[in-house]
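First chain written, first letter: the chains are A, B, C, D and E, and each begins at residue 1.
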Amino acid sequence: MSFHLILFLAFGAVCVGGAVNLLAQRHPINSALSLIAVMAALAGEYLLLGAEFVAAVQVIVYAGAIMVLFVFVIMLLNAGEEEETKGSRIAILIGVPGMLIASVLMAWVVLRRSGTESVEIGALPGPPTDIAQLLFHNFLLPFEVTSVLILIAIMGAVVLASKPESRSGKVD
Amino acid sequence: MGGGGLGGSDRIHDLDGSAMNTDGFSSIILSLVTFAPLAGGVLLMFFPRRDRDIRIFALVISLLTFVLSLHLPVHFQRSQTDFQYEIDRQWVSTPNIHYHMGVDGISLWLVVLTTFLTPLCVLISWTSIHERVKEFFILLLILETALIGVFTSLDLFLFYFFWEATLIPMALLIGIFGHERKVYAAVKFFMYTMIASVFMLAAILWLYAHTGSFDFVVIRDQIMRGAIPQFPAAAQWLFLGFFLAFAVKIPLFPFHTWLPDAHVEAPTAGSVLLAGVLLKMGTYGLLRFNLGLFPEQARHNAWWVITLALIGIIYGALVAMVQPNMKKLIAYSSVSHLGFVVLGIFSFTQAGLNGAMFVMLAHGISTGGLFMLAGLLHERRHTYEISEFGGLASPMPVYASSFLIILLASAGLPLLNGFIGEFLVLSGSFQAKAVYGILAATGVIWSAAYLLWMYQRVFYGKVTHSANNSLSDLTAFEKIAIWPCAAAAVVMGVAPIVWLGAIDPAVQAALTPFTRVASKMVGQ
Amino acid sequence: MVPLSYYLLLSGFLFACGVVGFLIKRNIITIFMSIELMLNGVNLSFVAFAAHWHALSGQVFVFFVMVVAAAEAAVGLAIIISVYRTRETLNVDQVNLLKL
Amino acid sequence: MNPNLNLWLIPILPLAGAAINGFMGKRSSRRAVTTVALFFSGAAFAMALLVALRFSSLSLPYQEFFAHWIRSGSFSADFAFYLDQLSLIMLLVVTGVGFLIHVYSVGYMWDDPSYYRFFSYLNLFMFFMLTLVLAGNYLLMFIGWEGVGLASYLLIGFWFTKDSAASAGKKAFIVNRIGDFGFLIALFLLIEHFGSLNFDQVFGSVMPLSAETAGAGLLTTIGILLMVGACGKSAQIPLYIWLPDAMEGPTPVSALIHAATMVTAGVYMVSRSHVIFERAPIALTVVAIIGTLTAFFAATIGIAQTDIKKVLAYSTVSQLGYMFMACGVGAFSAGIFHLMTHAFFKGLLFLAAGSVIHAVGGEQDMRKMGGLREKIPWTFWTMTAGTLAIAGIPGLAGFFSKDEILWRAYQASWAYWLVGVVTAFITSFYMFRLWFMTFFGKYRGEDVAHSQGGNSAHDAHGAHGHGGIHESPRVMVIPLVILAVLSVVGGYVGVPGSLGGNNRFDKFLGPVFHGSAPASGQHSGMGEKGAPEQETEGPEPKTAASTELTFTAISVFAALLGLGLAWLLYYKRPELPRKVADSLDGFYEAVVHKYYIDELYAAVFVKPLIDGSTRILWQGVDRNIIDAAVNDAGDGAKHISDRARHMQSGNIRSYAGWVAAGSAVVIAFMIWMGVR
Amino acid sequence: MTGAVMIARPMFAIFAPTLSRTLPQSADYVRILPEIILSIFGMIVMVLEPLLDEEKSQKVLGWIALAGTLAGLAATWLIAQYPGMAFWNTVQVDGFSVFFHVLVIACAAIVILTSYEYMAVQRIRAGEYYALILFGTVGIALMSSAIELVLIFIALEISSISSYVLAGFRRHEASSAESSLKYFLLGSFATAFFLYGVALMFGATGSTNIDQISKTLQAGSIPLLAFVAVAFMFVGLGFKVAASPFHIWTPDVYEGAPAPIVGFMSTAPKAAAFAVLLRIVFVVNVPGSFWLIWISAALSMTLGNVGALVQDNVKRLLAYSSIAHAGYLLVAFAAAPALGTSAAMFYTAAYAAMNLGAFAVVSHFANAGERYVTLEDYEGLGRSSPLLAATLTIFLLSLIGIPMTGGFFAKFYVFSAAVKANLIWLTIIGVLNSGVGAYYYLRIIVMMYMRESRKEVPVIPIPFALRVAIASCMAVTIYLGIFPSGTLQYAQDSAQQLVRQASPEVPASPPVATSPASL
């Protein structure tokens, strides 16, 4: 068992545990914390794969910014423990088994295909310069376009989160 | 790729078209006849809502169309079996859709029938339609265009185009201007025919996919030459696809149940055109396409088609006999009469096809007339129930005698139009197989029974409902609407040769593949 | 040396967990987190495949996914707030005005 | 080369009259209507006479093409006319009797509010009847055939406000249509096998054929089917039921259509088709048997009828049976002879009966008549002539024709003869019963003036009161007299050889009927008796003549017996009939009710048909099966739609469930595709 | 934060060239000119909004937005002159993308016109609204020209996120928020699937460029992972185009969203998603996708039509109808590549015209608060507002597929392509469905013309902008119904290009066993 594998398993265990915990927890804040754990562990996995920049961004943007947003909203809305409502039989009866079958199949596919292939630790170093080279050259257009995406997101957030009363006061 | 753009542009019969009437007017006359009503309808849209003007305008337009359409039989070259007054222009390049129109002895008279009935419809609606007059006449004129288009199109696509186009104005006429259960009837009519005709669309598409052309003549030639390798396997399905669409329209037993509802609820003009022309679209289609394109399949399937037709003849008559509602009775009688047409077509005999054509025309006139008459009664009494009447011959003798003439025409009395067709059909089907003729000939008895019984209950006896005592007889205006029908019934009965003269060669041409098929079958 | 498939399995597991979370959780925010979990699973795949192919574009893709995730988070949470304003609940089973 | 006779004018003239009166009669005076009607029917008669005068100069049969009618492929049927001895006789009978009855009707219908309509219909009838008679092909004949049916329908239902009249008209038309069905099928067979319906072509093709003695072949089938048509038109079993009901029409109509002309169309048609029948012995037998049975059967019903017109109606049916019997044994000329004499005396009887009814103010029940002898002497005497003629009293028209038929029947089979003689006896009995009941004894009716309130719309004269029993106006009496004369002397054109005549009538028709028999005509079968007999006519063996005389004597005796019995029962001891009736309880009832045939038909055919159509076909098949299936399909689609809506539960997790499950399926499928 | 991003992005753009070995050429910018123009106009709208008087802003911003779309259209004409790749093979301008550019930008223009009245009545904030539409259009337009999966993904997200927000624009309505939430959650869910598919495809081929992928796949045997990748991508795109079994969100979202936006959502993003699907189906041609599409088409048509039969809410009804129409479109996908592609393109165009038209009328008629959207409200419309009823009737007839309308030829081409590809059963299912589907459109017509109104429904005069919108839709619908050749010809040409560049060899035709004729 190589060092690489041990680290993979360690981070993986955190990931799995976090993911399962996310599902198991009833309070959203606990779920959010589990998710942060998953993300952090994933950052570790990225490092193992050599994706330093991605790992860093993962921690900063994902675990940091995005999850803070989540926690913030949970707090803002004062979300409590979720009730066990019987809303959907379909999801349980069809969706979950379906997804489990799909997972098994996927696992089979993955094992079948790349059972023999393996990656070394830090197999593909992704230093920021190289990333930048790609980002501002080959992926320049997507990169530029994300600005539109973010613009939309900001506008959308402003529109939707603002109090509707601001204008509906005129509605009779 | 590019679909049919490449395939079917070699049109053989264009090359030897020198014998056709090629002068300019001849090539546009069909378009004129077809689209004159539509043009009128469009103009009508911009009319102010002055009902009287609208009516007069609609009448003028429909009469104009009639007069224009008279050009067709007058200059028709009877000895020729080809399509005449042809016009063939590319309409849509991909797929290869042509604006191809033309008439032969078969479609010629159906066009004239349409243009003949429409002015009468306008007249008959003169007073009975007093709300949304503008819409009514617009729809009527649009319907006329679509109907004529169905008969003149020689491009399958164009045909389907007009075929579907008839649906909307008719459904709206029923649904807007009909009686109590109009919505039910309109929707039923629409759905029935819509669902059936999509099968035809599928068949047309198949033909296009394998011939690269929508042109009837081109496709027919290719089929006859055996130029489509997949055709033999698919022919049966194609036949059925076309057949289903037509069978519902005809309507052949057991696809007929939309008809009584549609008729009972439709306004008079709607009923007249429905019975007079729309149903003929189905039989025309059978004759033109099912026989024209799939002669072998037609022959193979003839036995059950004829069985259905025979059931229709007898069943329609028997059910008609016991209808308590005048319009329903006439509607079921249409089922019976159209059964004759189908029988004649699928007898594959000269007489049978001639007769089928003639029954179509005769039925258009006589049943159209009956519906007009029933409509007049409805206008006066607001009911079609036979039991509401009785003894009407006393207060309205002219009406009664007009009714009788048209009724007798419908019953197939010699010297009136109904007889000629029925006789020829029966004779033809008898030649095809004696039992067909014998069973169908019982229709002669049934039609007399249900029509005369109805006549007795409506017109004879004493007036039982006091409201009937004061009914006014036909007004001069109504006479103008009714009498042309009666006159046509008589003229067609006395001088059928005028019509048969053009029909006969066309039918003969339509039958040539059958003699070929027959000889092939004998050869085997 | 860790087989590529391990990474892929982990990625698949996270994705599946996300899906299952969507299906079984009642709180809208948690459901949204499940979606983030799915995206994270996908990201792992990208990085793993990037390593496999020695193609850096996989890592760049992750970068874009994160941007999108951020954008989605902003909009999504705004939507959740907006729903909470009108419905006073975060239980997804109770957000079913529109049906049939 | 024949001169152009313009035969087409003969039918067209009455048509013109019908059209003029039909369209303008309402606004014209009665006098104008009368003029038009009489002029056009008289002109037709004049034309017919003209033709008859030029007759000897013609080479027969004379054919005339007028216009094309139907053309279909190689088949054609045209407006073409055909004149030979047979049609000439029919032509004269139809126009002659028809004209007389027109004249009579002027008086009879004068007070009817629809006077113009009546004459229009009557002229229309003439048109169709003449078309039938003059037709040069079966299809044109069929026009007339159906057309007279139409005219009959219109005239029976002339007083349409009366339900029974309307029903009777309808019944007549429909029953005729049943017969026409057979006729049509026969035509199709002719077309199929001979390619034409023209008489000359059909007969030309049939002529070389030999008789179908081995079994029932094509010609037999055609013959039987033609007979079905004839049964309808000529009121033979089993389609006779319409004729008695047809008496709902005005009496001149009964005289013209339902006695003298239209009903004989069947006989004419069978005679016209003799070429076919002669080669179809089985068909001929059928004709003979039907004729014989009808003759007897209708006569028995006639005994118990009390309505004066009904008696005559059944008598007509019976006499038509005689004619068919004659045709059936191959004696076509005898049949036509009887047709002619019957036209005279039955027309006369009806008109006289009309005159009686007229006299008693619309009453038709004989039990309410009696003793009218002195009050209406003209009627009485003319009617006496008619009665004697129909009863077969020697020297009158009916005697000769009936005797001829019976003799020829005997030659075919003694059974026909026997039934014929018994029928003759019954005929004589019920006719004299009518005679005695009407004209002798005491008047049993109410005062005429009172009878008008009741069922008096029955006849035109209910509408106005003349007060008292009176003789008819001259315009009615003159036709009576003419017909009476004809009834008396009409028979002398065909006195059979055995009675010292030379059967000129038969000779006149000879070219039509003789020489058309099958070449191998000497073997068994019915047709064979007539033909050889004619050829050996001149030197007729004495034995045959004496046998014939014997048989004549027997039938005369039968007639006298009937007379005597009637005298006994209805003159001498009028109380007896009741006793006899009582003793024959059930049977008598059955006879009075015409053997319940109408009821039987209603129960077996009409009611099941209507009920079946209503319950099984319309409400059952149409509504509950087909339409219900259609509606169910629609409702089913809506139902499915409604169920499918529940997929749309509104729950986001459920939606995700669907998506997840769907994707699982998609993934599984694609993996399978990839592995495959 | 807004401002920071605004400033930061152009700065990156300035510095970017220094980092790269080669610079983007002017041709590169020309080829995304419509997107640039739309973005600029979007920003103008956004910036102007706070500066303008509230009363005036709606109108003015609307006209600016409209001008933006028109300028975008003009730019599209320009890019059509410069076909080719741009930005290092991330976008491709060809007939195909030009077609969809025109289509989606025109859709946006129509929606903007339709929205004038709607916004005034519903009191919706105009700036964000128009800006979102314009930005959304940028994404949508990019989807059709992008050939790089990364770009496709981002463009897809742009269009999706703007749709999520727009769906929630009826801020006072719980239903609108719910619609937005449903759309958002399920949309993100599906996007994750798509993304996973992209990842797997990347794993299978080592590339995210469609051309590259295509070449790799054609070079050797197709790895199993590619099959799975196609499956995942199909889930994501199937969701976007509302194809069964991923259609289930559609009715709810359409019902809650603002009517003009539904018109937009059901046309432009859908068309673009179809464009992507087309590229992926024909470029990444793995066996089996044919059957996926076959089944999905059959299911979509059936479920959509059946579901619509009993709907009483017009918006919901049209939502089901859009599912059905997605099904018809998929029939074209299942058909042979070239013919099917052109048929699908034609269909999207025709569908866009008639559906936008229908929603324009519906949104006008719905009135403030979208009060009048049930069938019952449509009773007697033929009498109270004949013009509106007549136009709606024409759109509905086109949706049914009655001759003289674009919908007819659209269906016709689709089924024609299917028959040509020997998909007899699919064609029969399709034509039967189009027969059954006629029923529910007919119901609306019936309500309008054949029933008398029982409710007091106000009839508002149609404002000018809406008139223009409806008239344009109508013109296009009728034009496509009478002179379809030009459009179809163009579609065929571009489809041919697409197929040629996608695969040198024509993919194997589907199994012949589907043809009843050969049974």
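The definition used in the following text is that contacts are C-beta pairs under 8 Å (C-beta built on N, C-alpha and C of every residue); 3 or more make two chains touch, one makes a residue touch a chain.
Predicted model, so just to flag it, every value in this text is computed and none were measured.
Omitting chain D while holding the rest fixed, one finds the remaining chains still held together by touching in one piece. Of all chains in the assembly, those touching chain B and also chain D are E. Chain centres computed from CA atoms place A at the largest separation from chain B. Comparing chain C-alpha centroids with the centroid of the full set of protein C-alpha atoms picks out B as the closest.
Summarising the inter-chain layout, the chain whose CA centre lies farthest from the centre of chain E is D. Averaging Cα coordinates per chain places chain B and chain E 43 Å apart. Centre to centre, using the average C-alpha position, chain C and chain D are separated by 96 Å. Averaged Cα coordinates give chain B a centre that lies 64 Å from the centre of chain C. Each chain gets a centre from the mean of its Cα atoms; for chain A and chain B, those two points are 68 Å apart. In chain E, the positions touching at least two other chains are 150, 154, 157, 161, 164-165, 168, 171, 180-182, 185, 189, 224, 228, 251-252, 436, 439. With touch defined as above, residues shared between interfaces to two or more other chains in chain A number as follows: 87-88, 91-92, 95-96, 99, 102, 106, 109, 113, 138-139, 142-143, 146, 149-150, 152-154, 156, 158-160, 164. With touch defined as above, residues shared between interfaces to two or more other chains in chain C number as follows: 8, 18-19, 22-24, 26, 31-32, 48, 50, 52, 55, 57, 60, 64, 67-68, 71-72, 75, 79-80, 82, 85, 92-93, 95-99.
Shown are all chain pairs that touch, namely A-C, A-D, A-E, B-D, B-E, C-D, C-E, D-E.
Contacts from chain D toward chain C in the complex involve residues 645-646, 648-653, 656-657, 660. Residues 338-339, 382-383, 386, 397, 400, 402-404, 408-409, 412-413, 415-416, 418-420, 424, 427-428, 431-432, 434-436, 438-439, 442-443, 445-446, 449-451, 483-485, 488-489, 492, 496, 515-518 of chain E are the ones that touch chain B when the two sit in their complex. In the complex of the two chains, the chain B residues touching chain E come out as 1-3, 91-95, 132, 135, 157, 160-162, 164-165, 167-168, 171-172, 175-176, 182-183, 186-187, 190-191, 194-199, 201-202, 205-206, 208-209, 230, 233-234, 237.
Listing the residues of chain A that touch chain C in their complex gives 2, 4-5, 8, 12, 15-16, 19-20, 22-23, 28, 31-32, 35, 38-39, 42, 45-46, 48-51, 53-54, 57-58, 61-62, 65-66, 69-70, 73-74, 76-77, 79, 82-88, 91-92, 95-96, 99-100, 102-103, 106-107, 110-111, 113-121, 123-124, 126, 130-131, 134-135, 138-139, 142-143, 146, 149-150, 152-154, 156-161, 163-164.
Residues of chain A touching chain E in their complex: 106, 109, 112-113, 132-133, 136-156, 158-160, 164, 167-168, 170-171.
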